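Look for subunit A in each of the two complexes below; its partner is subunit B in the first and subunit C in the second.
And now, the complex of A and B:
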């Protein structure tokens, strides 16, 4: 009986709409919404802001709202609703009725002020909630739970329908330790940490939700931070992949700086399964060009593949079953430099997360955002004017006789600090964050401080692009009034969402849809 | 008070080199090519309490490069190409990237070669010949 109820619940979910239950859309972090039926490349020119809502979340150190999670057909006390769950850095969770833009419930996490925190004004270490939550699959009754980590590192399990605790909170992260987006795979929560905020080690973290002791399992690659924007991506074997920041590579001492590690829960431990190290890791380290982009994982011709990237500004294609081959240093393919000719450590290169989708003809597409000017030697068949501030670049994946190749397809128009895109129904949605990303200044050197960066930031611009050509189909122009730092796009059921620094959540869609 | 003490200790720990090791600037001034490269990088990035000064970065890269530090050679080539801290000079850029590419450990070679070839595309045949000649004739200098 329970099984049949579960099947019915799943079938209803499939029949009525699409979800976006985690940052990047799915545990593999492809950022591809496969179930979009409303928006398409013919009608997105008519996109408009169908609603926006001012939330009472207080921004902290440039951070504000994290990418919304979307669940359709949630049974609430007032009937089934499509709900957007939005986390705010000042320890807030909001559940918003997508149809009416009204808050259904909200939660503020209270806790004693942790003993340590990042330096005030340091944009790297905000003292608050930093991990995008994750929504679990429906239970036997079709109910959904959102798992949200407060700034003190406690995970709260809340009913999506009403915000009530469905289980007692448990400790997972490090207080004010800057955890990245949560991911969930077969009952195991994953996160990563970076920047050593409040003394927190840079490592991968996991915990079994149903473990009564909630033993925290970690793997430390002895590297710089694991700061891929959407945390770890998880492959079909349950291996969580995360990039590692600047550091040495020395397999003899299990030191994996400037690479990509894959770790899996085995028994009650998180154990390294595989890793990839670019051959030029020493150059990357010498110039602070760390790998810090969440990979995207996808199936292609019977194989499970993965794309990763770094601030150096090239993309690597890897096999999740043998990342980097026998020597862990040989990718299936790697692109030439796409940007960052000046080898800038702060405001150029690939940042954030990768994306991938497959078109109706079975062509696999790879998407990457990048910051700064495109590399003058990077040749792409279709482009839209000079790129000086950033863009989204698309590649097609080809395979011949076992050899894989990433073929440049298009480069978008210039975007002011292009952020990770999402894809749905033949349309790429992207945005320039408008964020000032400078960390050092001629008059005083490194001075990465929030007030100055906030002052010098402008506003985000949201775009819809033809996913096969990169042609601009829609631009929000100057309708968005603030910038975005560590926010991101979500898409489901004809609506695209973006939260900005001023704690406004924008919802783009079509009139009457 | 306790917080202040912790902050003070943290600041001291940040500011001081490891016990028994002279500060970076002293090591660089004494002719240590690794230290010279690190100092150049810090000036280029504006880190470790230094102002972002490309010209000073270039001068430290130059000292380190002349002693044979391949990362300094490549970094100097990058600055010559961008014209930051130095007059834009693609012949000098090509020369230093060629020197670096010929000496860098093989795992980093592809990257340096990619940059070298990128700069070469901006040169006339005569300029390329000149840069290659300068690279061939270059010899490391030991600094006092």
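And now, the complex of A and C:
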């Protein structure tokens, strides 16, 4: 009996062992968990909160917990464990035993207060840790390291097993500069910065982990901020792709506002490799509809493709080998407007990050969240009632004679500010953040302030949807008590995680599994 | 997109980087600015070259409630519905409409309810039209704003960011965009309704920010409404509605009203020196009035025929006005002594002027309507004395409205008649050569004149339609 249980456990361990080592699931930011074996279309209706844990992280402005990273079979002093690593904006890192919901270790980064910081009450510039950490591959001993950037811009290399420093910290980012989610590719860390927080330059950043000098390599597109929620996505050539905020497009001066840039470490420099600029970039700039969605990169029929989007509420399909073609302005396909008929810069449009997956029949699916009402001219064959606050929309990718087309497939039910979804085993997991996203008011104009937005936020609702039809399979209803800002979903081994503003980490799963 | 449109887009896209100056080409009040120069100094899309290249297009037309007055134009407002470029237009029906002029959609429309014991005049005459007669105004600065400064970070002590507030963040100072800085707080629209109340409306909503205040007698023929330094000015003429003729000022800090009554003399219009002095013309005198109190400082009696205009020549201000005999005068703004007298020989001069300065040579140009044609003069200096030298004259047009100037392009409106529709013309400001015309795009005649802003020219017609011509950023 003992033996058979051990064998079964080992077998399950080998079969499962899924990780979620980085924001968006992988360096390509597809948000697709390929190795999920427990949750499926048939059983997610039985999802429940298997545990939740109150963390002692203090929210700053609207930020609190960032998407958890999951590593299975971590050898700890008390045996192998599946660990969730959660970063909090107050410079906290927590390692949580997924099985018991107990904190295994936690770290708080201390540093002298930086000379500059963002304006207090400004939701855009919290003074603290803002980049979701990243977990590196196992070393020769099977140990894993989590790389976390503190609010002062120092990167700490911590053992996932016990939180101990495995290498001295090194300077990478800009103090209180609002770095976005870290990404890791063949020993090079990437991040992006935006909003000019504390006077930062808006640019892409990279550093070689094993470079003793830790030379910081940057590329500045002379644009507004690079604020794709999950930072840069990295293609098979090591090119990091990031969207750029409002600004001009002037290739003569290497100015790439309202576009998408791809840069790669060449020698000891981060160099621009390619870029894409929508033909209507000037319109986007004039209405603050900047490209600010982390792209997702995937293979399709032997080609590596990429999807990107903007607050204007379109999706662009691009070839990573020639983004925008010869003139950098011709995508393989571009959808009509999905939402944002009002042409609003806040509370409407596509925000956050894209997602993509492939079904068993080889059909490639594209997923995008959006905020606000769907566009009245956008036609989709399957939908679930009027969308007024946001939804997830799915497209199928088709190719005929070298022509690519994004075909609308379904639009989900209405969600209160739909956030980037994740996909696993034929199920799309999504959530409405419940966040108040208003930045301007009739009587005052622009007045983006955290206290008012926090007051006017409600609570997140977590959903499971049939990935092929968009049909709702599960809703958390009002079980989640707070909203989410800059948080996100993670999924591995039958558990889905979401952290909320009140610093509670929720774990959804099936009873007994 | 056809090759033609691609070529046009390429042309305009390149021009978009070429020239953009102060404030982004807004139109603050009737006559464009406090000096009534009826000009937009620079524009990113309208120039002699681009108009020749086909930049002027019919953009949209909107039917309004009532006959429109010339709109005023504001740009890059951060509203609760997103970034908007809005114009504001008052109509004879006591409505004020806000139109998103980049898409040609009404953003808000508000009716100003009649609130006076006087019986409202429902049917007007050519001399005394019914309803709201004065165009709305934005808060007009006394001097044109300086070109935008380089924009930097948004950290402590830094100026606001150049890029959008959404999450675009801030830009390198070396990459100043060609767009004007977005306006973060709602401005105001000043509307003088037919009941004589001054309304201060929120630019984003059209709602009264404060209760409307009694300003002039109801049913008057009010015009030249302009807000300068939290004081709203207006003039009344022709004793319409038994209202006395005069110049009026209301201090919005306390709603105190001052007036300079002109008896039988109708007031033709007003303009401002950059020190705030009000220059007003009536059918019998030209006066310099103290700001806000309207106490006369100096007066020059003559049979005036035009609204004054204030121009600068080599950093010295002059007042431009004409009399009923067709003379055009430049006057010293303090002493009101004549500096230039261009004989009129009995010509009929239009009731207002326009003026622009050539960027390279700093040559000052004055445009007048003379005997039904646009006549352009250069201000010249010989032996230390100023003079006006006629440069060119356009063809004669039907009921020619006062011209305006946008970045060296003169726009002239043949207002038409009951039997001839209005036609808008674009002329080369240096030569008078016709560059473009609206052809048959306008149906009906105009009684309102034209205004401009943000690469567009607006024409209102008698049937309540507002037309927009010019350039739109490609949305696709």
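To be clear about the criterion, the second predicted complex is superposed on the first by the 497 of 513 C-alpha atoms of A that agree within 3 Å, B and C clash if a C-alpha of one lies under 4 Å from a C-alpha of the other, contacts with A are read in each partner's own complex, and residues count from 1 in each chain.
Just so it is clear, contacts are C-beta pairs under 8 Å (C-beta built on N, C-alpha and C of every residue); 3 or more make two chains touch, one makes a residue touch a chain.
Small disclaimer: the values here were computed from a predicted structure and weren't measured.
Considered on the superposed subunit A, subunit B and subunit C are sterically incompatible, since they clash. Residue contacts after overlaying the shared chain place A:490 against neither subunit B nor subunit C.
Legend: residue contacts after superposition of the two complexes on their common chain; A:201 is shown touching subunit C, with no touch to subunit B.
Of the two partner chains placed by the overlay, subunit B and subunit C both lie in contact with A:342. Of the two partner chains placed by the overlay, subunit B and subunit C both lie in contact with A:287.
Legend: residue contacts after superposition of the two complexes on their common chain; A:279 is shown touching both subunit B and subunit C. Applying the stated contact rule after C-alpha superposition, one finds that A:220 touches subunit C and leaves subunit B untouched. Comparing subunit B with subunit C, the partner in contact with more residues of subunit A is C.
The single stretch of subunit C with clashing C-alpha atoms against subunit B, selected from 112-120, 184-192, 220-228 or 346-354, is 184-192. Once the two complexes are overlaid on chain A, the subunit A residues touched by subunit B in the first and by subunit C in the second are 279-280, 282-283, 286-288, 342-343, 345-346, 439-446.
Residues 13, 16-17, 76-83, 85, 102-103, 153-156, 158, 161, 163-172, 174-175, 177-179, 182-186, 202, 204-205, 207, 473-476 of subunit C are the ones touching subunit A in the complex. The residues of subunit A lying in touch with subunit B in their complex are 279-283, 286-288, 312, 329, 336-337, 341-343, 345-346, 375-377, 439-447. In the complex of the two chains, the subunit A residues touching subunit C come out as 116-119, 124, 194-202, 220, 222-225, 227, 245-248, 250, 253, 255, 257, 279-280, 282-283, 285-288, 290, 292, 311, 342-346, 348, 438-446, 448. Against subunit A, the residues of subunit B that register as touching in their complex are 37, 41, 45-53, 71, 74-75, 78, 81-82, 84, 104-105, 107-108, 110-112, 114, 118, 121.
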